[in-house]
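When the chains are written out, they are named A, B and C in that same order, and each has its own residue count from 1.
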Amino acid sequence: MMNAVADTQASSVGYTTADGRDIGEVILDLRNITLRFGGVEAIKDISFDIQEGEIRAIIGPNGAGKSSMLNVISGFYVPQEGEVWFRGKPRPPLKPYQVAQQGIARTFQNIALFEGMSVLDNVMTGRLGKMRRGILAQALWVGPARKEEVHNREAVERIIDFLEIQAIRKTPVSRLPYGLKKRVELARALAAEPNLLLLDEPMAGMNVEEKEDMSRFILDVNDEFGTTIALIEHDMGVVMDLSDRVVVMDYGRKIGDGTPDVVRNDQVVIDAYLGVSHD
Amino acid sequence: MLYREAGDFKTSYSLDNQTFPLKLDRIVFYLTLAVAFLVVPLVINDYWASAILVPFLIYAIAAIGLNILTGYCGQVSLGTGGFMAVGAYACYKLMTAFPDVSILLHIVGAGFVTMVVCTVFGLPSLRIKGFYLAVATLAAQFFLVWLFNKVPWFYNNNASGQISAPERTVFGVPLTGPNTEAWAMYLVCLTFCVASAFIARNLTRGSLGRRWMAIRDMDIAAEIIGVNPLTAKLSAFALSGFFVGISGALFFSVYLGAAEVGESFGIDKSFLVLFMIIIGGLGSIFGCFAGAAFLVVLPVVLKFIGVDILGWAPDLVAHLRLVIVGGLIMFFLIKEPHGLAQLWRVMKEKLRLWPFPH
Amino acid sequence: MPASLLYGVEVLINGLMAGVLYALVALGFVLIYKASGIFNYAQGVMALFAAMTLSGIMEGDIPFSHLINAMFGTQLHSFGWNVPAIAAILLTVVVMALLAWLVQRLVFRHLVGQEPIILFMATIGLAYFLEGIGDLMWGSEIRTLDLALPQGASLAIENATAVLGGDDFYGFFIDKLDVVATMVAAILVAALIAFSQYTKYGRAMRAVADDHQAALSVGISLNFIWVLVWTLAGIVALVAGIMWGAKSGVQFSLSLIALKALPVLMLGGFTSIPGAIVGGLIIGMGEQLFEYTIGGPFLGGATENWFAYMLALVVLIFRPQGLFGERIIERV
């Protein structure tokens, strides 16, 4: 049961991108998702997949249902219809924290950092899924608990180096400017060492230089850690440059899916973005 | 140079993560501990013990408990008085049921009993948030007080309806009952207090503490990045209950000696401990001590000035105290919502850079 | 009808009357919460303070006389006159308005934009402060409030209903004061609704409740509206204080009814005036009925100490938004 709009590369075997990266099998497959709030249908019968190692963009006008889509993937909203397949198996309705434990990390459109904590502590929260020492060991701060803390701290410090935020390590998050907060949020998501990283408008409200920095980080993350990335973005230039495949949404429906070149020339997509005369 | 990081290099992440990163702070801390354990017991008298030091230590433990729940995990509780009562009555039942077991174990046991009760009353926090939860904890407060009043089993069916602590000794030294000496009372409370602070500090700087703070700062985001709200909230309720229970047990057995539930553990206690952590600083272990000290010492000082020096009527001074405490709470919330702990931090920050202003 | 059932009905009616008072206090909460998002814990103490002030003014006491005497060694107590009730009530309203202005000017103006829980804690501080000030102004002994309101059992109702039961039933025992309280509460609610629907300031109040920013942008002074709602809440508190004070004397326990208003609000929702009233009635009847049927006979009595909270707790577990609130949709 495929959507009417053709999936240009809906093969489950993988492909090679223009810049020569090998894209693997389907990691996440959304099948006929429908999400309603009361009487409002936020997402209408949408299907698309995300393949291992690719950068997948979701674009569309405001209110198209993009963020709701990410919320379905992270388990925050449970769709009324449709299935989420993860690594070849249908995923039962999971709580958001269980989804996170499966290796799906994300950032938020309106930054959702923990304002009362330092940058370091915020990034350390990304590692919570990997810290399993019992209360007693933690209470006494004895060997295993301390070792675990130091081990995870090392992993976090690598992320901090990678994203070039060493200088603000101990600064309370509430004192940071917007652009840096976005970067700290990315650091927190990366600290979880996710298989699939969801980025909800990572470049919203940034100036050109900050956008360039962020694009570089996203490409580096994909390149160095092999992380699969799904991102929502409004800046078309950025989307077309970064992503391997693009899903286009409008009013809760999928109106296009394919490589940036295909989507860019799709008449339906152009109509949705530029408007069309009805006569 | 005094009070500088210069020359105090951190060569490992665990050194970087210690409680007192500055050498001078560490020295002051160990000196304070040494004085508290070795010098004070020698010079302490009944007045200092019963008016200031013992209540200060006990309230500090209760404040640590509430601060874990409210300051670190963001769940406001107005049931502290009721949970202290659980600790007190659990301790009383344990003391009278197992007279041969050490009182120290009874106090810890009371902590565990309270832990269970507090966790049960924490269950609604999974569905109820914010104010609604604060009011729901009032159900715990009023229900528990009523329960200890109405069910004679809790006070061993005695006619007065009160509970009173029989004499129990450790190494031949009485810790409860009328023959307890000031230094013994002080030392046992000090030991529990220091141990509580040590444990709470370790928990709050580790992964459990981060879970709590994540829930406090933004519960939805916390859940999406992988914090299980059920275990995070309930563990906060459990540990909070443990400390509050210990403080209740000490308050009854070591400090008061006899207690009537409505009088000793009423809603006033809940508010008193809440005020301590607001004035001291939400989410700070140091703040627990600062807040407890402030609200224990303030009435003593006011009474000293008002009654002893000016010769005013005690009830007049009591009214003034209400005005001053209420006023201070509003003042602190306006000027420094992070409490005395934040003032202290800012002061240390300034001192570190002195004589340069920035 | 058997007598026991009729006595049950009587308990229910009396619970209804108690519920009216809870609803009155809850109404004060709702007014302030709607307009400013402040959950005013001090509402009950405001009722106590208002009743104390009214009683003090009527009896011609000198405010702060104890403090002044202690400071200067004087022997002041009373002006030596009695103020008629109407004038005293008007004066008390002025005092409450002044208090509203002070609270807004000195405290909450500096806390705009703070988290709700901080505001809540500030009102707990305010409650302590007001309680202390009230005691300092008028002394802490129990005061009587003699407004010549009708009191005692209503013989008319008792006689009229005696025929309902057999020989064991003597008719409903209902306090006239409760009847008066119910009527006053009804008038007050009607007046408040009329005020908010048909006057310029009422409309401004509703606009502020809806959206602070939008209200500001059409030229409504937030400060003024906040002082206004605190004043209205003060008047509601005065009415609640008069009723409760006339019933059981002006004393500290009066401020505890504020605590009962909290579960009322949880049931009825923080923003709904009808919710506050219905919630108040449910709690008032529920706790009397529970005490009469289960609490008294089987649990040793005094269950009204906690019944309201437990009821609210149980309801909230199943409906976190309260009985009348809209379903909460959480967003990221």
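The rule we apply is simple: contacts are C-beta pairs under 8 Å (C-beta built on N, C-alpha and C of every residue); 3 or more make two chains touch, one makes a residue touch a chain.
What you see is a predicted model, and the numbers here were worked out from it, not measured in a lab.
Here B-C and A-B are compared, and the pair linked by more C-beta contacts is B-C. Most remote chain with respect to subunit C, judged by CA-atom centres, is A. Rounded to whole angstrom, the centroid-to-centroid distance between subunit A and subunit C, based on C-alpha atoms, equals 51 Å.
Computed from the mean C-alpha positions, the centre of subunit B lies at a distance of 33 Å from the centre of subunit C.
Chain geometry summary: the mean Cα position of subunit A and that of subunit B are 43 Å apart. Each of the following residues of subunit A touches two or more other chains: 76, 108, 112. Counting partner chains per residue, subunit C has residues 332 touching two or more of them.
Subunit B has residues 220-221, 224 in contact with two or more other chains. By the touch criterion given at the top, residues 39, 66-67, 70, 107, 110-111, 114, 116-118, 120-122, 124-133, 135-136, 140, 259, 262-263, 265-266, 270, 299-303, 305-306, 309-310, 312-313, 316-317, 320, 322, 330, 332 of subunit C touch subunit B in their complex.
The touching residues of subunit B, counted against subunit A in their complex, run 12-14, 17, 199, 202-203, 206-208, 210-211, 213-214, 216-218, 220-229, 235, 239, 283. Taken together, the subunit B residues at the contact with subunit C in this complex read 76, 124, 127-132, 134-136, 138-139, 142-143, 145-146, 149-151, 220-221, 224, 267, 271, 274-275, 278, 310, 312-313, 315-316, 319-330, 333-334, 337. Interface of subunit A with subunit B (complex): residues 74-76, 95-97, 99-101, 105-106, 108, 112-117, 121, 124-129, 131, 133, 135, 138-141, 145-146, 148-150, 152-154, 157, 188-189, 192.
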